[in-house]
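Shared between the two complexes below is subunit A, which has subunit B as its partner in the first and subunit C in the second.
Presenting the complex of A and B:
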């Protein structure tokens, strides 16, 4: 394992990049990794071209979201949508609202449990953020606060318009059905 | 022939010349030459002009250092010269042999030839085993060729072993890492044993090379021993000091001891510093689109099922009223029939009215109902003796008579809508 990779692994485990690591992390493959500003701190994330992009992703040995995780992420994006051109930072919402997008209570208890599990995963991967700032979320209920995570801030590229349009369409459909 | 070989060697050596750069010791020159080759590789099959290559490499075409490196690559044959669209324009494409050589060089510097050594051993074993398969496409090598091959392999293995032995005797961590050849030695040994078995087979035409095979086996054993010794030494050096790389972190015994003796908080603190290569899953547009498509088909609100349209004919109250109406109608018909029969007589024999069994049954039921009907003053008499009429359709009949009762009909009390009457006197 080379020096930059070791530094990268430590930075990922720590979930933040220290200032003195930036120079070393620049030696990582720039097509795959980059350091981005997310809120007050810097983080190491997959390069912009790889998030969301249809063509490049199929060639990469990258892990994809499962169906439930993708559905939950979409629900988070819909519930926090503000109509802006980028989903980050989005609005503040609750787990109940996210479940409502997924047709709670028709969803059923078992499916809701899977959604909550996916929310936990998304929180772990920083695609979503559970609880108010600084709070450690131990138990998810329908009043738990949700917002999009800092990784969403790193989404960029021409294809960011596509998920934004997708979310806008779902929001419009929901308003029409009300 | 010699000229052709020289050309091939030049092309093959071109990437080597780029890397070591025979005329300079300045690393900047090496970077520059590598940038030229990389730029030329992006030619998309139509070739690039000199200035295009310079532009793609981010260099100035007028720079004498660029000119020196470019000319060297072109002269060595790594850049093939094509005729351009314009009269004095030249286009360049990288030579395939040079590209291959660059790949081989990259591999050699990556794993120190471990994969090449293994490939050589596999190819040698395959070639020898072809001698026993009567394969016309792959003719068996002659005994002289096998002897030369085995000698070369022995020398190669001894050379690797020699380098590893020297490194493990007094090498630094970096020297040890550099001398390491492959992670597994058993797979190389397996190929060496294949070669030796092919030579020592009973029907082998290479039986007289028995001693060469033994020498190869000895070289293989020396290689394996040196490789294992080197690995041990590498682990020893890596774990002895701090900051020696990932091996220092991955000492199994230390972690096992810590897992048994330390408390959870300490383990969590260690866990937070262990470098993990896990990356979060990347988000794919297709996944989000699929999720949105599934969301569309889901129902938006909860709906109470619409009750089926009520069929009036299925209402039990209506059905009951209908039955009563029909029963009353039937009673009226029956009474008028009885009144017609008894209009002129006090007593009527209706035995002959029963022509068939269903008719007889209905007639009997009507007669019994009339005799119980308080509205009409009449009674039915059913006789016991059977009447046998051989010529008739009904074989056995009982005499049936209706007679008028002399008394006036008693006042009756209707029991609501049941249609059942009861004697008021009772």
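Presenting the complex of A and C:
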């Protein structure tokens, strides 16, 4: 079994590339694959211009976020926005700030619980990262740290301009209303 | 043949097929990926996927024609990853998957109603899974939620639970191995099951 072939499969299965695997993965077709760096984590994913976006996915079977999960992810992007053209790495925020974007306390306890549940799912899918580096978050509260997750680092393509513009508008509206 | 040896149009079609197969969950209609039925370009897609330990998985209609495609780990790679403990479910999660497959795939098949593909099998209610008294209700519920998040099962709540899109990524050999394990589970003392277990043991020792 050849080196890069098994190394690539391992990287996909563990959803991460080890530092000593980068050289071997450089042998892969660059028009198809790339290693994305997200802080100390690295992921093997498709080349930047091959990432599917909404226009493609409407015709294809895909797993989609629920409405609450999508709203929560948008709130994380708003709360961590730095004004940069790409949402990764973004800033450090808290669960309380994410809830505030979603109009906590008007949101209500039940809806807030759903948002916290969504944050846990986003953490599991690595779209958001809960807690400080290396911490295992078992129970989140309003002081728990939140960042965008490493998967956001792999977002690529012109479609990113759309959510970035949306996030910028929400940030501006929030600043005006303060 | 590599992408560089292809025309720009053909290379784009191959790249697009690889990208779609690797990013989409579930079976992609064959009409969406005509490059996979192209006699010259299909081998290029196969080679590019093989370079990362993956293969095209074909889903066939009962009449034998290709209905759609997915992609998954090549058999030798899947065995190696499993041996290294990568992508392995916990024993509890495996037990719950086995219960769902027994209810959704094995039992309907024995009754002459095999599901067209596992991910399209009729769902089973959570209450039926609780018929298994050895696994407590909370354990089964938590496992179903975990497996739903991993796309191994689909928890349709009131609609029921069924195998998820992860099963569409299994090759014929990988699915057959699960079918054999289910047979052993259902009738461990059957002579066929005993022979299967012996073969699995021998294969594992190689």
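Definition applied: the second predicted complex is superposed on the first by the 136 of 178 C-alpha atoms of A that agree within 3 Å, B and C clash if a C-alpha of one lies under 4 Å from a C-alpha of the other, contacts with A are read in each partner's own complex, and residues count from 1 in each chain.
One rule holds in what follows: a residue touches a chain if its C-beta (ideal position, glycine included) is under 8 Å from a C-beta of that chain, and two chains touch if they have at least 3 such contacts.
Here the structure is a predicted model, which is why all the values come from computation and not from measurement.
Participant: Between subunit B and subunit C, whom does A:52 touch in the aligned arrangement: first, second, both, or neither?
Facilitator: Both partners.
Participant: In the overlaid three-chain picture, which partner chain does A:19 touch, first (subunit B) or second (subunit C), both, or neither?
Facilitator: Touch partners of A:19: none, neither subunit B nor subunit C.
Participant: Could you say whether A:28 touches subunit B, subunit C, both of them, or neither, answering first, second, both or neither?
Facilitator: A:28: touches subunit C, not subunit B.
Participant: Between subunit B and subunit C, which makes contact with more of the residues in subunit A?
Facilitator: Of subunit B and subunit C, the partner in contact with more residues of subunit A is B.
Participant: Looking at A:106, would you say it contacts subunit B, subunit C, both, or neither? Reply first, second, both or neither.
Facilitator: In the superposed model, A:106 contacts subunit B only, not subunit C.
Participant: Return the residues of subunit A at which the contacts from subunit B and from subunit C coincide.
Facilitator: 1, 6, 9-10, 12-14, 46, 50-52, 57, 60, 62-63, 124-125
Participant: For a test of understanding, state which residues of subunit B touch subunit A in their complex under the given definition.
Facilitator: 245-246, 272-292, 294-296, 298-302
Participant: Show me the residue ranges of subunit A that touch subunit C in the complex, using the header's touch definition.
Facilitator: Residue list for subunit A touching subunit C: 1, 4-6, 8-10, 12-14, 28-29, 31-33, 44, 46-47, 50-52, 56-57, 59-63, 121, 124-125.
Participant: For subunit A, which residues are in contact with subunit B within the complex?
Facilitator: 1, 6, 9-10, 12-14, 46, 50-54, 57, 60, 62-65, 67, 69-71, 73-75, 77, 101-103, 105-106, 124-127, 151, 155, 159, 162-163, 166, 169-170, 173-174, 177
Participant: If you look only at subunit C, which of its residues touch subunit A in the complex?
Facilitator: Spelled out, the residues of subunit C in touch with subunit A are 2-3, 11, 15-16, 18-20, 22-28, 32, 48, 50-54, 73-74, 76-77, 80-81, 84, 86-87, 149, 151, 165.
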